[in-house]
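Got a structure for you, written out below as structure tokens; questions coming shortly.
Which chain is which? They are A, B, C and D, in the order written, and residues in each are numbered from 1.
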Amino acid sequence: MGQADHFRFGFRVRYSEVDYQGIVYFAHFLTYFDVAIHEFFRTLPYDYTDVRKRTGTDFNIVRAVVEYKKPLRFDEPFEVEVRLDRIGRTSLTFRPKLLVAGEAEPRAEGEAVWVHADQATNRSVPLPADLLELLDRKHGTASPR
Amino acid sequence: MGQADHFRFGFRVRYSEVDYQGIVYFAHFLTYFDVAIHEFFRTLPYDYTDVRKRTGTDFNIVRAVVEYKKPLRFDEPFEVEVRLDRIGRTSLTFRPKLLVAGEAEPRAEGEAVWVHADQATNRSVPLPADLLELLDRKHGTASPR
Amino acid sequence: MGQADHFRFGFRVRYSEVDYQGIVYFAHFLTYFDVAIHEFFRTLPYDYTDVRKRTGTDFNIVRAVVEYKKPLRFDEPFEVEVRLDRIGRTSLTFRPKLLVAGEAEPRAEGEAVWVHADQATNRSVPLPADLLELLDRKHGTASPR
Amino acid sequence: MGQADHFRFGFRVRYSEVDYQGIVYFAHFLTYFDVAIHEFFRTLPYDYTDVRKRTGTDFNIVRAVVEYKKPLRFDEPFEVEVRLDRIGRTSLTFRPKLLVAGEAEPRAEGEAVWVHADQATNRSVPLPADLLELLDRKHGTASPR
């Protein structure tokens, strides 16, 4: 995917998310990444909560990483850029970045690996064909690599 | 119920719960109350999550109140006292207090009204007979008032 | 204040805010109210975090109430209407409502009482004159009642 | 450090921490790790919040990782084992594990890298000598590697 393809979603830091140092508590970065990834799916449009009801499969997160570069303060507006880095047979790897307007470097960046799994057995299963098609139509990247 | 009947559950303030002022963010008091009420049910012992699976009924919260008296700081140990104030036909009213050892006045007190409801129709239904019996055995207070 | 004066701020339910029942965990309603009240102050525009640094005074919440009418589900868009109900000598009383487009009844409504206090002594102090003026200019309601 | 040195701290999953799937929302694992690391410091005993007031230095988290192995359900009791994996010149690297009694494999494991930094300039500074001494006394591991 070219740079142009990267979806971004805007936020503003809530008072409830800030800690004693006046900066966002580190765990909330994962929540921001998650909200942005959900919004990425909406643009496809793909409703994985609906898929769960229909097929009994859903995504499980198996790995999350955050590299914290610079703190984020109360009330700051920011964006999370969602880069879908890898489409595996049963998994999606996202590399989100947390960006503030006018700054060259991200405040944070990370990784989120989602595995498509049968919710009864917890076994990974291939990504849904309709999701692959939607990703391909949108980004030209749906062929498993 | 006499004073002696009031169940208490201990906590310590987490860093994630503290805001810029270095005190517990006000919404978390409801979470503390909720955890303590859950532990109160455990003492009966009554597992409402299990009831939900069996009968399709569960408790819905319909009213929550917190009166904040004095802030609670990072790392402070405290207790929530759970007083079951009223047993209605379909509802339970709790009056929790947040207490710190050695202090006469609570840091906060509140109210939580739980209604027993059919989860499909959202209609209130009478409290389960086995719950009333457990409350009566424990506290001598189970007769609906 | 007439109906027209009531400020509204839009949200969408995050996955992190939803509990086992698939509905917003009850404590988060206070966070939504709080975010909307902060945005209300922005419209004045009044920056109470800045005031704190300059004067050593800040608002403390002394009472919060939520009446839950109907659950709010994952991914639902909604608004919080902020009604400033009472301007006291040292306090502001807000009556927020949580509204979903197209519905006559609010999903929840509540109350939040903020007291202006000296942060060193924790004593209430009169509301800042510049805040009263901004409220008066905006809403014609700044005279203490 | 030998296996025997690893500090463990006990928890129980709160209702507020569980999501629609009935399992702990993934961001809360970082909060669990953080609470356990704070309790680890208490055993030394070392109060980094106090250090901040005295010296203007504090720890900043620069990297957090969670590998999710198996979900954690509402009301499950569990422990976080805190292994201090590396003591650098200016940083500490923790490798926490989330364990459930009677299970050979952790439900999750991760990494947290804390850098000791001047809070005004955000520059890393050497770990405090008294902290190194406490770690050495407790674990025989305080020499920077």
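The criterion applied here is as follows: contacts are C-beta pairs under 8 Å (C-beta built on N, C-alpha and C of every residue); 3 or more make two chains touch, one makes a residue touch a chain.
Remember, it's a predicted structure, so these values are computed and weren't measured experimentally.
> Determine which of the two chain pairs, A-B or A-D, is joined by the larger number of C-beta pairs in contact.
A-D
> Going by average Cα coordinates, which chain is farthest removed from chain D?
So the chain farthest away from chain D turns out to be C.
> What's the distance between the Cα centroids of chain A and chain C, rounded to whole Å?
From the centre of chain A to the centre of chain C is 30 Å.
> Report the inter-chain centroid distance for chain A and chain B in whole angstrom, where each centroid is the mean of the CA atoms.
35
> Measure off the straight-line distance from the CA centroid of chain A to the CA centroid of chain D, and report it in whole Å.
Going by mean C-alpha positions, chain A sits 25 Å from chain D.
> Residues of chain A that touch two or more other chains: which are they?
Residues 15-16, 20, 27, 31, 34, 49, 74 of chain A each touch two or more of the other chains.
> Okay, in this complex, where on chain C does chain D touch?
Touch residues, chain C against chain D: 15-16, 18-20, 22, 25, 27, 74.
> Can you list the chain A residues touching chain C in their complex?
Contact set of chain A toward chain C: 14-16, 31, 34-35, 38, 49, 74-75.
> Provide the residue numbers of chain C that touch chain B in the complex, in ascending order.
Going through chain C, the ones touching chain B are 20-21, 26-28, 30-31, 34, 49, 58, 60-68, 70-71, 119, 122.
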